[in-house]
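Each of the next two complexes has subunit A plus one other chain: subunit B in the first, subunit C in the second.
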Partner chain A sequence: MTYSVRSATVRFGSTVALDDVTVEVPGGSVVAVVGGDGAGKSTLLRALAGELALDAGTVETPPKQRLGYLPASSGSWAALTVTQNIDFVAGIYGLAGDELAARRAELLDRAALTPAAGRLAAQLSGGMRRKLGFIMAIVHRPALLILDEPTTGIDPVSRIDLWRLVSEAAASGTAVLMSTTYLDEAERAAHLVVLDSGRVLVQGSYDRVRASFAGVVTQTGRPVRADWAWRRGRVLHEYWPGGDSSTPANPPAGSTAVAPDLEDIVIALSLARRNTVPS
Partner chain B sequence: MTGVLLRAARVTRRFGAFTAVDDVSMQVQPGEVVGLLGANGAGKTTLIRMLLGLIAVTSGRVDLLGGPPDRERRRRLGYVPQGLGLYGDLTVRENLSFSAGAYGTAVPVLPPALAPHADVLVRALPLGAQRQVAFLAALAHSPQVLVLDEPTSGVDALARAALWDTIRAQAEQGAGVLVTTHYMQEAQQCDRLLLMSGGRLVARGSEADIIGSTTAVAVRTEDWARAFAALNAAGAPVMLEGRAIRVADADPAGLAEVLRAAGIEASLQPVPATIEERMLMLSRQARAS
Partner chain C sequence: MKAMIVKEFRELARDRRTLGMLIVMPLLLLVIFGYAANFYVSSLKTAVVGPQASQVTKMLPSFFDVTVTEPSGTQADAETLLRDNKVDVAFVTGQTPVLALVNGSNLFAAQSAVAALNKVGNQVKTQVLYNPDLKTSWVMVPAIIGLILTFIGTIITSIGMVREREAGTLEQLAVMPIKPSRVILGKIAPYFLVASVDMIIVTVLGILLFSVPFNGSPFAFALGAAIFLFVVLGLGVFISTISQTAGQAIQTAFFFLLPQILLSGMIFPLEAMAAGVRWIGYLLPLTYFTMISQGIMLRGAPIASLWLPFVVLTVMAVVVFTGATLRFRRDLAPGRPASPARGEQAAAEPVSTT
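Presenting the complex of A and B:
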């Protein structure tokens, strides 16, 4: 089963939060959405979750009881224990008794949260709280799992745990759509979507995104065009899109070209959009 | 100026029977950006708090700008905590006036990107803009030492590059910068790295030095979903990477055995670990011992 938004546009007043966006999320794979503040990540996730109305376009999403959604805010109740949080959400989906006890034990074990089962959510570390949110989103075995920045700001060990949980869901057939600000996570997804100001800059597998990237990235101490350059450690990188007559499109002789990674590609495409689209 | 800006010499800190920082020596010199890595509980925050003079050392010695980290020396220090240390209920301009007042400096001029937000409450700003405000507040008094706790967590690639440009400009003007992080993307921006685990400094140098000989295993197979389930059931720290499977802190022979037993054909290849995987390995070792 593949879930999707097609040609989706969402406006909030005069702001266009999503502008003609098409994203497909097939069962059994992880689709990662990257982009900054205001790029439209949360709006895209909420659109697929059926949480907001589109101004144009279509959504294909499972019925609510087959959907799991972890919002960017914690997603658990601080004054309830870990167990109470899980049981409360499970109750909404009609999960109870032995079936719930078994499912809860299994999920707590896989998330390494069993020792914290009796703890108040307020007393969990950030990483543990996100793992609890994940359990609550997946307790009813949804067909589509939507995770809004599940790993932002958490410690590296919890982050690896969460990736294992996300992978596990996908490996068992769930369609997973997650947003992240970490490009190493996006590289790991089967399909990545780079959003900028509500539009898709590029999408596909990491290999495909790399292969389709046009132009040259050079490494320099002093950029020729400051608004096409960005910081990488001690040096700067500069983007030469090529094939465009409006800017110097090719690097000067003697420049050092680098093999762009996803960080470079995302920045280069964002700059190209800012520098060529009249605002 | 020359000399060491920030130094810990055989520093230990105990809380009761618990040793949070164990015999750590490190230093930060003018013009360099040093990354301090470690998982939660590795001792990074305790070390920073001693370097800043916020808590006392149990043994060893800390020097900030050539002497004990007292109030006078702390005036020449800039600190951006992970929580940013801004007042959400004050506007951008009010926050900057407050911190400028505390340091006795002029209120910094807002860069073009922030100028339209001068009278907006800080809590209403997106995270990337809040981080910029926190940087401005910490840099207004031209500190010689800058301590940053996960400076770019949660911001996008372009905003991250802009923040690093600011950090690098400080270093180029001679400041020494200490950055705590557990993310590869931040670590790669540093001149050199220190890795803490269980209160000790366990590795130092380049990214390659930090990762050392730690490897992960890449598992390639047509039957990835079943392979994933088998390895996961065997308790391996496993994750998907596209359609391949990646296992941290594992021995290829053991994984091959699990897959053989499940009747799955796969190719296994050791690949260099990431910094996160190195930290996972260290924390599993610490838990086991």
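Presenting the complex of A and C:
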């Protein structure tokens, strides 16, 4: 089963948060939405979750009983223990008794949260709290799982744990749509959606996104055009889009071209849009 | 330090609720409570019954505002008028000395009446009903029960509801397969139960510690308390829908709570207030619960004689609870907030190099 938003437009007053966005989320795969702050990632996820009404377009989602959602906030009740949080959500989805006990034990074990089962959610670390939120989102085996920046602000080890859980959910047939600001982890998704200012800059598999990327990224110590450059570690990268008469088509002689990774591609496309579209 | 002062003023200017409390509240408190703070009752609703009712009525000073003159009436009729809170004082003629029955459940009116009657000497025999020793605790305990219910209903409930919004779990509930009405009922049921237990404890303690009588029907009392609870729980839900944080909820609840304490007749008698502020008292639910609780506990009044506060509270419960529930449902329904989601404000900027 494939779930989708098609030609979705959402406005907040005069701000267009989503502009004619179409995204499909097939069952059994992970679709990652990436983009900078204000790109429209959360708005897209909330629209698919049915939490936000569209100004235009359509949404195709399973019924609420088959939907799992981890919002950008903690996603758990701070004054309840880990077990109580899971039991509360499971109860709403109709899980009880032995079935619930078995499912809870399985998920706590997979998330390495069994030792913390009796702790209050407020006393968990950021990573543990996100894992708890993830468990609560999948406890009822949803057909569509929506995760709003599940790994933001948590340590690398917890990120690995969470990604393992996400992969397992997808492997069991769940359609997963997640937003992330970590482009290295987005590369692992089957399908990428790059958003900027509410518009889809590019989408497809990582290989397809790379293949469709036009222009050259160079590495430099002193960029020719500051508004086309960004810092990567100890050096700067500069984008030469080419094919646009308003900017130099090619880098100056002697520049060092680099193979752009996803972070380069997302930043380059965002800068190209901002530097060429009148604000 | 200048930067700190400027920053503080800028923050304050954007916090309209606090600004309102700083500027409007002192003015309101001064004007409203200045006119409300009055213990002196200038006239007493009075009934005169018995064969010499007409003659006695003519002899009474204007302080006794005679609203009922019934020559065929008996002492039992006079007591019924007092029990139903239709008058503060009832004179029973046809005996020597004339019997003056005073409604002790209206403390300040009763104190004024006793003071005035004591000046008459032995022409009148004074008998205070429902609160013979004119104890303040006897009239305060029934009112405090209402105040405690108001406190739990507005402040505690609104904080509990708004916590969902603060923690971001409200948006999680919004996408779950649970009806908004069940969310609301599930949220307020514990507060309803806790408030009910509190009410029972306070009532029993009031009776045990202060010897406050309970002369009426416990069923009628429980019914009045339940209706009143729906009003104040509705207020709590309403406050939560107009507050983003627990701090805001407390601030807003304070706006609702303070007038209930000072203008409901609990401390200052309504009849002693200036007409300009008295009407505010008649808009407050605690005013009507106090009428019910004092009526049932002290005077043993039946529901039939308390129909007005019961009807007013029921109308308030329906209006407030329905309105608050509809507003809360709107928060749970797919909507379009006035601003983008958190974290979607600024755009990434390219590096600045020189």
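Assume the second predicted complex is superposed on the first by the 279 of 279 C-alpha atoms of A that agree within 3 Å, B and C clash if a C-alpha of one lies under 4 Å from a C-alpha of the other, contacts with A are read in each partner's own complex, and residues count from 1 in each chain.
Here is the rule we use: contacts are C-beta pairs under 8 Å (C-beta built on N, C-alpha and C of every residue); 3 or more make two chains touch, one makes a residue touch a chain.
Quick caveat, the model's predicted, so the values are computed rather than measured.
Undergrad: Between subunit B (first) and subunit C (second), which does A:R231 come into contact with in this model arrangement: first, second, both, or neither?
TA: In the superposition, A:R231 touches subunit B and subunit C alike.
Undergrad: Return first, second, both or neither, reflecting whether A:F213 touches subunit B, subunit C, both chains, or no partner chain.
TA: In the superposed model, A:F213 contacts neither subunit B nor subunit C.
Undergrad: In the overlay, answer first, second, both or neither for which of subunit B and subunit C A:R188 touches.
TA: first
Undergrad: Once chain A of both complexes is superposed, is A:P223 in touch with subunit B (first), subunit C (second), both, or neither?
TA: Only subunit C; A:P223 stays clear of subunit B.
Undergrad: Once the shared chain is lined up, is A:L67 touching subunit B (first), subunit C (second), both, or neither of them?
TA: Only subunit C; A:L67 stays clear of subunit B.
Undergrad: Considering only the touch criterion stated at the top, classify A:I267 as touching first (subunit B), second (subunit C), both, or neither.
TA: Touch partners of A:I267: subunit B and subunit C.
Undergrad: So in the superposed three-chain picture, is A:F12 touching just subunit B, just subunit C, both, or none of them (first/second/both/neither)?
TA: Only subunit C; A:F12 stays clear of subunit B.
Undergrad: Output the subunit A positions appearing in both contact lists, the one against subunit B and the one against subunit C.
TA: Common interface on subunit A, subunit B vs subunit C: 36-39, 149, 230-231, 267, 270-271.
Undergrad: Would you pull the subunit C residues touching subunit A in the complex into a rising list?
TA: Interface residues on the subunit C side: 167-169, 171-172, 174-178, 334-348, 350-354.
Undergrad: Which residues of subunit A touch subunit C in their complex?
TA: Residues in contact with subunit C: 10-13, 15, 17, 36-43, 46, 49-53, 55, 63-65, 67, 69, 71-78, 89, 92-93, 149, 197, 222-223, 226-231, 236, 267, 270-271, 274.
Undergrad: Of all residues in subunit B, which touch subunit A in the complex?
TA: It is residues 39-40, 82, 126-129, 150, 153-159, 161-162, 164-165, 168, 182-185, 188-191, 224-225, 228-229, 232, 237-243, 245-246, 248, 274-277, 279-280, 283 of subunit B that touch subunit A.
Undergrad: Can you check the complex and tell me which residues of subunit A touch subunit B?
TA: The touching residues are 28, 30, 34-39, 125, 127, 149, 152-153, 155-160, 163-164, 166-168, 170-173, 181-184, 187-190, 205-207, 230-234, 263, 266-267, 270-271.
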